[in-house]
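So, here's a batch of structures to check.
Presented sequentially are two complexes of chain A, the first with chain B as partner and the second with chain C.
Take a look at the complex of A and B:
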């Protein structure tokens, strides 16, 4: 049994950088990664903006040193790239020394290859190798193998936009209960026509830069990313003399029993998730120093989440911002990306600006932080609110 | 497991017959699933328009839950009922419908209304939305009905205080075959003890 859950390594690739350092520099310099789409030939290319990663599949293949006949989808390539970085960052040289596991989140899996070759499979055997790479678990297995943990506890989470945050919860619980000593947690999602068309059908894609918590917000920009964190027990931290980056202090996952896709207008699920997180962390609302909001810039999310924040924090809402304007909404990876941003906020005592905000929402008086703020931070609350009301909050802290 | 729990009520829908606690409640002369489910909906005298948007698995699960939980009340919300369902056909019935709509590259029209049901646990969502259950829930896919797994899961949820009661069951739709078996596990003493043996016995009775 471990009393606390330490974060000892982080790895990330997103539209604003290929590692943790690059992401941090973009965040503090207000450099967003949103552009027109270049890597997918979609009929919507002129009416959407996305958070695309600069690396091509060939770049990633080369970096991972994969054989020519591999069947990695782009999600798997990104996931493997970021997870490897996280393990290296933690300084792990012998994975087998401790009971280690992997919880990886994805919603896209190998869909990018499936949609490319689907009609071709019947006639042409060359690309059939990608059929095996379609399902979400395949990417997880590939990452596990690469990290040398395929024999241990390996699982895949797919709960829409809260997926990676839920991976963090499961990993934390496995460590707290003493089932594992170390768990690599996070998520990966590449862009695909599947998600672009799906979100287009729901009419929640913005044709310009997304503007979280703005009254005139037009919807989200999809983004691609992979982000993983290494969680370790007190025992490893002590034995290996680890540098702890931050701790996972509390978490809560709820369903708001409202609709298959939308979140309830009053944010019932998000409210319950934040309250549960504070209970697990044994902290009061006033103890939260910064909220990294889900803030996707869809009309539904920002209204629902804003109301939930007010319900939990009342008159004293802590500084909050959404970093989706930088990265786009990276779906299953979002909870991992933003967990890393929360840790960076704690390490550097900074609150990242909510870019593109101009107009206060008419439904309430709270507004996000719009400039980089230097402030002593001890705790950061990160929200990940999924479709269908799968709502998750995770609280990160400097102290165990 | 030290604590003894009880099965307070159970129900089933199979072969055109809906039963509660072993007693036949509604019999439909129809043979096609949609018509059978429509009959049961009418007999239960429900007024819930969302029902007609659901896929077959959700309709079946919704009706079985309706028989056990009755009309939603505030009291149900307060009872803190977790939901643990299982089957072996996942959402295949709806997956096939969706597949048909995308099979022809020249005549391609997937429907979001169908697509949204291409996951088995959506039926749990429908039950939660109807009865305002904010509780724990899980959907398992097994080769066959597994009373043992349901027993372990429900017992653990109650003993670890994750919920007060658990709505458990097996809801399966595969082509023309369908069956629903649901039961409520409670701490309140009643005639049927919550044991793997009893769960399997009630399921076999279907």
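Take a look at the complex of A and C:
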């Protein structure tokens, strides 16, 4: 049993950078990664904007040194790239020295290849290697192999936009219960026609830069990313003399049980998730120094989440912002991306601005931070809310 | 730490398993390499609108969970944890086909909404208004066992009292087509499913199903069995299965002799059944061996039915002849081990004990 859950490594690739340092520089310089889509030939290319990663599949294959006959989907390539970074960042040289597991999250999996070769598979044997790469567990198995995680606990979570945050929860619980000593947690999702068209039919895609918590918000920008964190037990931290980046202090997972895709008007699920998180962390609302909100910039999410924040924090809502304006909504990866941003906020004592905000929402008086703020931070709360009513909060702290 | 019990079961499979008063009384034999489920009367469990609107996987999951909830005497639970190796493939395929066929035009959201992997878990929670913990694991053949392990952790630590845990997977037409192309589905034109375990050919018979249980840390009248432990391994070499089995038994203070029956996931794929043979011809040669995939086919959460069988045998102290692989039946069934893997990966052990 480990009393605390230490974060000892981080790796990320997103539309605002190919590693942690690049992401941080973009965040503090207000540099967003939203653009017209270039890598997917979609008829919607002129009416949507996305957070696209600069690297092509070929760039990633080269960086990972994969053989020519590999069957990685783009989500798997991104995931492997970011997870390797996280493990290197933690300074892990011998994965097998401790009981190590991997929990990865995805919603897209190998869908990019499936939609490309859907009919071609039947006519032409060339690309059939991708058929077995369709299911979400396939990418996770590949990442585990690359990281040297064998004969161990490896799993995949898919709870829509809260997926990676849930990976952090189960990873933390496995360490606390003593089932594992080390768990690599995070998520990966690439852009695909499937998700672009899916969100398009729901009419929640913005045709311009997304504007979280703005009264005139028009919807979200989809993004692609992969982000992983290394969680380790007290025992490893002590034995290996690890530099701890931050701790996972609390978490809460609830279900809104309201609608298959929409959040309840008053954010019941999000409220309960934040309250549960504070209880697990044994902290009061006033102890939260910054909230990295889910803030997708859809009319429904930001209203529901904003109301939930007010319900939990009352008159004294801590500074909050959404970083979706930088990266777009990276779906299953979002909880991992924003966990890393929360840790960066703690490490550097900064609150990242909520870009593109202009107009206060008419339903309430709270507004997000719009400029970079230097402030001593001890705790950061990160929200991830998704389809299927899945609501997750995670609290990161400097102290165990 | 609290003990964990299986308080109820509910399964929709290719055999008539949704009626808990029966135990494989009538067996259906199939002659194709992809098989569907024996459908319950969905309208008896769902309103007509839902029964019509819901995708197959959602319908199977919701009804299997209703059967389990009813038997446990519960209206709702503290958490819903679902495993699904493939997610809602039928609606996913439909949406992809529409995107391609109509060049991204004229799409409606229904298929997309019903395609997400957490749809079943979300719909179950919505139906029973369960606002608690809700997770969906999507890791191939260990999806259900991961859900089981997650629930076990919460119940042992008394973070919850009743948790609905299940596995659900559906079969889509495109999935059948392409998995046939890569020999994951058997190539035979007609096949005698009850004898597939000795087929000596490659691939499996693909199917679908939903199996839910109520797991609880409070024993009650309806209780089937105690869940002793769950173990999950992403990889295991052929020579490592026995080693890990011994480790697992030792951790729980059991020996091979304590196991009264072993439930094996053989699916008749000559390339991968050797993992099961390793145990059935080795350490469990003198133990009663039970199999089930000749009855319900293969899908990524098929092993949830292996757990269903284990629980059912422990409660009824019966073992229908159609599931016996050998004839070493013990006088009493006290401890059952369930082992599964798919295509050499994602190995799982689940151990149950009579209450």
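We take it that the second predicted complex is superposed on the first by the 399 of 400 C-alpha atoms of A that agree within 3 Å, B and C clash if a C-alpha of one lies under 4 Å from a C-alpha of the other, contacts with A are read in each partner's own complex, and residues count from 1 in each chain.
What we mean here is this: contacts are C-beta pairs under 8 Å (C-beta built on N, C-alpha and C of every residue); 3 or more make two chains touch, one makes a residue touch a chain.
These figures come from a predicted structure and were not determined experimentally.
**Q** Does the chain A-based superposition show chain B and chain C clashing or fitting?
**A** On the shared chain A, the partners clash.
**Q** Based on the superposed arrangement, let me know which partner A:388 touches: chain B (first), chain C (second), both, or neither?
**A** both
**Q** For A:79, decide between first (touching chain B), second (touching chain C), both and neither.
**A** After superposition on chain A, A:79 lies in contact with neither partner.
**Q** See if chain A has more residues touched by chain B or by chain C, and give me that chain.
**A** On the superposition, C touches more of the residues of chain A.
**Q** So in the superposed three-chain picture, is A:258 touching just chain B, just chain C, both, or none of them (first/second/both/neither)?
**A** The answer is both, since A:258 touches chain B and chain C.
**Q** Between chain B (first) and chain C (second), which, if any, makes contact with A:11: first, second, both or neither?
**A** In the superposition, A:11 contacts neither chain B nor chain C.
**Q** Go through the superposed model and pick first if A:272 touches only chain B, second if only chain C, both, or neither.
**A** Touch status of A:272: both partners.
**Q** Check whether A:194 is in contact with chain B, with chain C, with both or with neither, and answer first, second, both or neither.
**A** So A:194 only meets chain C here.
**Q** Which one hits chain B, of these parts of chain C: 25-33, 187-195 or 205-213?
**A** So the stretch of chain C colliding with chain B after superposition is 205-213.
**Q** Touching chain B in one complex and chain C in the other: list those residues of chain A.
**A** 119, 198, 201-202, 254-261, 268-269, 272, 388
**Q** State the interface residues of chain A toward chain C in the complex, per the touch definition above.
**A** Contact set of chain A toward chain C: 42-44, 102, 106-107, 111, 114-115, 118-119, 121-122, 125, 128, 131-132, 135-138, 140-141, 144-145, 149-160, 166, 170, 173-174, 177, 179, 193-194, 197-198, 200-202, 253-261, 268-269, 272, 386-390.
**Q** Which part of chain A faces chain B closely enough to touch in the complex?
**A** Listed in rising order, the residues of chain A that touch chain B are 119, 198, 201-202, 254-261, 268-269, 272, 388.
**Q** Which of the residues in chain B come into contact with chain A in the complex?
**A** 105, 112, 116, 122, 125, 128-129, 131-134, 137
**Q** Which of the residues in chain C end up touching chain A in this complex?
**A** Result: residues 80, 85-87, 92, 95-97, 99-100, 103-105, 107-109, 112-113, 115-119, 121-123, 125-126, 129-140, 142-143, 146, 150, 153, 157, 174, 177-179, 181-182, 184, 232-236, 240, 244, 300, 345-346 of chain C touch chain A.
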